[in-house]
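Shown next, in structure tokens, is the structure this report addresses.
In this document, chain identifiers A, B, C and D correspond to the written order of the chains, with residue numbering beginning at 1 in each.
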Amino acid sequence: MKSAAILGASGYGGGELIRLIDGHPELDITYLGAHSQAGKRLEEVHPQLGDSDRILEQNTADLDGVDIVFLALPHGASAHLASELAGRGVAVVDLGSDFRLDTAERYEAAYGAPHPFPNQLGDWTYGLPELVDIGDTNKVAAPGCYPTATLLGLAPLLAAGAVGFDSIVVNAVSGVSGAGRSLSESLLFGAVAEGVAAYGVTTHRHRPEIEMALEAYTGRAPVRLTFTPHLVPMLRGIHATITVPVSEGVTANDLRGVLADFGDGKPFYQVVAGPPQTRWAVGSNRAIVSVYLDESTGNAIILSVIDNLLKGAAGQALQAANLMLGFDEAAGLPASGWMP
Amino acid sequence: MKSAAILGASGYGGGELIRLIDGHPELDITYLGAHSQAGKRLEEVHPQLGDSDRILEQNTADLDGVDIVFLALPHGASAHLASELAGRGVAVVDLGSDFRLDTAERYEAAYGAPHPFPNQLGDWTYGLPELVDIGDTNKVAAPGCYPTATLLGLAPLLAAGAVGFDSIVVNAVSGVSGAGRSLSESLLFGAVAEGVAAYGVTTHRHRPEIEMALEAYTGRAPVRLTFTPHLVPMLRGIHATITVPVSEGVTANDLRGVLADFGDGKPFYQVVAGPPQTRWAVGSNRAIVSVYLDESTGNAIILSVIDNLLKGAAGQALQAANLMLGFDEAAGLPASGWMP
Amino acid sequence: MKSAAILGASGYGGGELIRLIDGHPELDITYLGAHSQAGKRLEEVHPQLGDSDRILEQNTADLDGVDIVFLALPHGASAHLASELAGRGVAVVDLGSDFRLDTAERYEAAYGAPHPFPNQLGDWTYGLPELVDIGDTNKVAAPGCYPTATLLGLAPLLAAGAVGFDSIVVNAVSGVSGAGRSLSESLLFGAVAEGVAAYGVTTHRHRPEIEMALEAYTGRAPVRLTFTPHLVPMLRGIHATITVPVSEGVTANDLRGVLADFGDGKPFYQVVAGPPQTRWAVGSNRAIVSVYLDESTGNAIILSVIDNLLKGAAGQALQAANLMLGFDEAAGLPASGWMP
Amino acid sequence: MKSAAILGASGYGGGELIRLIDGHPELDITYLGAHSQAGKRLEEVHPQLGDSDRILEQNTADLDGVDIVFLALPHGASAHLASELAGRGVAVVDLGSDFRLDTAERYEAAYGAPHPFPNQLGDWTYGLPELVDIGDTNKVAAPGCYPTATLLGLAPLLAAGAVGFDSIVVNAVSGVSGAGRSLSESLLFGAVAEGVAAYGVTTHRHRPEIEMALEAYTGRAPVRLTFTPHLVPMLRGIHATITVPVSEGVTANDLRGVLADFGDGKPFYQVVAGPPQTRWAVGSNRAIVSVYLDESTGNAIILSVIDNLLKGAAGQALQAANLMLGFDEAAGLPASGWMP
């Protein structure tokens, strides 16, 4: 058994990490850290996890004996802890966004402020195992939820030349847990139920992350796309709808063939014929994708769904950790979801 | 007071028509028709409408003394009744899709079967009062819900030349009531709650309806667009997100100015600065629109929301009827919505 | 036309009051007051009400020319304003709880603190028009939402002697809007959706309010009952389930007869044969009640539903105001609800 | 590894059984049976379970080599299969209601028709492991969802004499999955969302089941109680609120002590201090209970929550099967739930 610490254990992502690692055959949780909730019993913060003697300690980088540390902290809160842990040689998977982007310029353009450790940006591996070889790294920045859903549908088709780089339009909808557990008027039941709205229109920080990852995977730069996220009244799940022109002569069968080949042998990648529902992925670590050809306009319509807290956060982080630690990629990760 | 009949009174659209006309200052309901529910007391079929002695009669075209007839029937069921009523000179507003398209060719392409009365298709007015002069017609085909939301955001900008006709991408999400009150496994709470999925990908019949209306309003043909509708877990509301290239030199202010000018004097058209929420429109007959310029790609992102049962169905039908009968356009129609 | 002011206009109850009074044939809103939202445009605070030039002013008692003032303030915030307005002779309907209870003792027992104006408690009329003659008062304390639902089912049967005073058990569930628009972790979508829990077990302040109103209506004291409220994942609606022993010899028909007689001539009281759904009442000012006799245990089971924001708050306040101002009791109040 | 068959695999309970047993360390699924869905690929019927070559076969009793058979069939459909399987000596866990009641009289009173095999009724063990010794039986009738939630809160307190047998009032609310996956107008999203209603008032068949189990566990008969179930707009979860007079001299601490002692050593029984939320149990096999003393009326208020598809159906069936097969009681069963 190897040991794991979770910092930021009080949020939704932290709670799912605890649940998953508690069921992992080769990994034990030896430290749970939190910030404002430090000192509380785990049961008070995550009552769904049942009775337990575990206590949330303070977030700290003083974790030298631990085999791997998961950071599930808000944006901006993980950079210093991540940097210090990585400096000590501790293996880290950061679920936050601080080390996802590859250059200081891209970071500053996306976040409107300079990165505190710009020289370290290139040292982190973008932890999307279906696209990136996790290899021997001990510093993984786990991707955002929208990028995960978008990239798993779009990247294989772009890389294969089956669709073009111009006029990429990504529309996505997310359940509310994607916004975290923070106290905000816009996240009240009275504000969310029975309503839909776009947000972050033209400015969402996941857009440059998607563009970066597509550039890295396809070798072509710059990539530009329009990305519009929406909040819908459900707890979990992301649905990305990607519209992109198909290349000359490419058929609907070609499109599906590219995705099927890409998915071959990947434990958490499923291609379906009809439109996938987010519920088929909720509770599981799978991404489920489908592709259509719109003969009338010559566009491909790619549909991709994930559970934003599993394949889009805690599940993907554990998938990367499995590879870092030499475990089976799928260890402790559910392929089956919940329904209803 | 003038008199109104409602055929197909048992569905969601029929129920909302009854509620609205019951509160209309110049219109009385004198006949309620239904098909399988005929013979029941209104209270059994629409318990939200309270205690009442009213009975649902059989759907019929034998309604000569009635000033206006609303047809709220399933697709395919209204063509014969509508045709017969119109032939007798009775004013008709058809909420169904049978007479929306303008030519036999377009109908057959969309619906996969010939129209039963192809010669009558051109006689009907497409009842979107913000775009079409209802004038003196006594035959109105009320638009579909997705076309209403899409057209009210897109048509003014296309007509003004502010955005281009190539690469129009429409993504829309709808609450469940848009699918009607029919018994289908895909509409069970256990299938809808906590999930999102696209449907009718590349084949939804509202796409040719939108294209037709844009051709008629802008004078340019053919118009082609990609349209992907999605079902989300809520009862009411449609949100359309339209991505389209802006014309050379057009600014964000120009885009907003076009919409503001278009809305001037229109009682049910509101332009807002940020992203509109569907809930702001639910319970009201308003469309609420917003537009952004994505500098990075040169696309406009147009957001448009309506209540699919009011501005997208019963409200819009009554708005057209008001104009046909010489009433104030807004008579009996709520501008305020419900919240929460 | 008479004039109305609304203080506390920024909450859910305030928003519904604005919507209702905007549609009232004899009442105009001449002042909108708020606290932390004062200075904002109405559209920012209640976007569902559409475009408007109206501004939220400061809450104030300086409203001498106004015919009636509605107070829709949080608990504890209305006592001083209400007292000052009433002292000036301005007609007041207080939607809050500060003047509902009849004695200083009962208030202190319920709220754990002395009332600021204990001598004034007896001067206010408990504004439940179906049970209390509103008469010539100009000081009305509108009932709470749970008491309204409970009393309209239980009080007529108790007063008629059809059921007994011992072993009254009231279980109720409420939609989230009953808790108001306040920012609380327990009201986040992520905390409410897909969950049910009881709250205020044995301590909810609506219990003494119900007991007081039953004592006043039946003339018997003290009345004691067990009351357990629950929060369920919906926006609006209260469902009360009341279990109480039937009196010797009383039949199911007798029970229904008592309720039917009670409801006779009341515009917002409906007796139904089967279980009423909260949705039938949502959007309307109706209470809908039903009663069963459980032969096996000798208990009556009374079911009562309302829209907590209409019959349970804004609608009931306007109903009382109509009576205070000499208008038709139902003026400006919807009897029909919304569905779906 | 031992082998399991699931008949009625296409429903919600069947789907959860497949998911659980797929993760069980000592049990393999060797046969999946269905009725109208027989012949389909598992993926078509349970897309949440992912890609699979498994096919749904016909329901059958010809399963002699199988170590245990789970029946997840509609009411009335399991009696013959269960009887035939049991007659061959195959171990059976019946999730349906056909063999839950103990006598022909009670069955006929509850279901309004004679039982097809009245002589076999007494041979089945009521499979609630916290109350009943599963022992060496090979015929288990798994309890209903409402009885499970109610009994786990009420039975220990009744048996200890801490509360009395008179005036037991049980109110319960359930998520929609409790009604199964059947196509019914009352289960449409448009009928369920944003609404609450009671059903089966005075007549629900789980009432006699609860009474029977209480009689068996406490040794006192007859037990009579009032039971009112309600449907609320959520997918999973049951919340039972039980009001019952406390015995002379019993304190709140005494009540909690009885439940704590009862739960000692039980892996799926948790006692909490405040009101439990159904969400804390969803995804887990735990029951979570709490108890209050209402000093004003002398009543105990017992709150009990479970996931109706796990502890209320598939999880409990597997828990019983573990005991029948000599496995650890908790094998393959999650104690942690999902949140949000």
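Methods note: a contact is a pair of C-beta atoms (placed from the backbone, for glycine too) under 8 Å apart; a residue touches a chain by one contact, two chains touch by 3 or more.
Remember, predicted model here, so these are calculated numbers, not experimental data.
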item	value
Comparison of A-D and A-C (more C-beta pairs in contact)	A-D
From chain A, the most remote chain by mean C-alpha position	C
CA centroid of chain A to CA centroid of chain D, Å	36
Distance between chain centroids, defined by C-alpha means - chain A, chain C (Å)	46
Per-residue overlap in chain B, given as positions that touch at least 2 other chains	12, 176-177, 190-191, 193-194, 233-236, 277, 279, 282, 340
Sites on chain B touched by chain A in the complex	167, 169, 171, 173, 175, 190-191, 193-199, 201-202, 207, 224-226, 228, 230, 232-237, 239, 241, 243, 275-279, 282, 292-297, 299, 301, 303, 305, 340
Sites on chain D touched by chain B in the complex	12, 176-177, 181, 183-185, 187-194, 233-235
Contacting residues of chain B [partner chain C, same complex]	12, 15, 19, 22-23, 46-51, 176-177, 194, 235-236, 270, 272, 277, 279-284, 286, 334-340
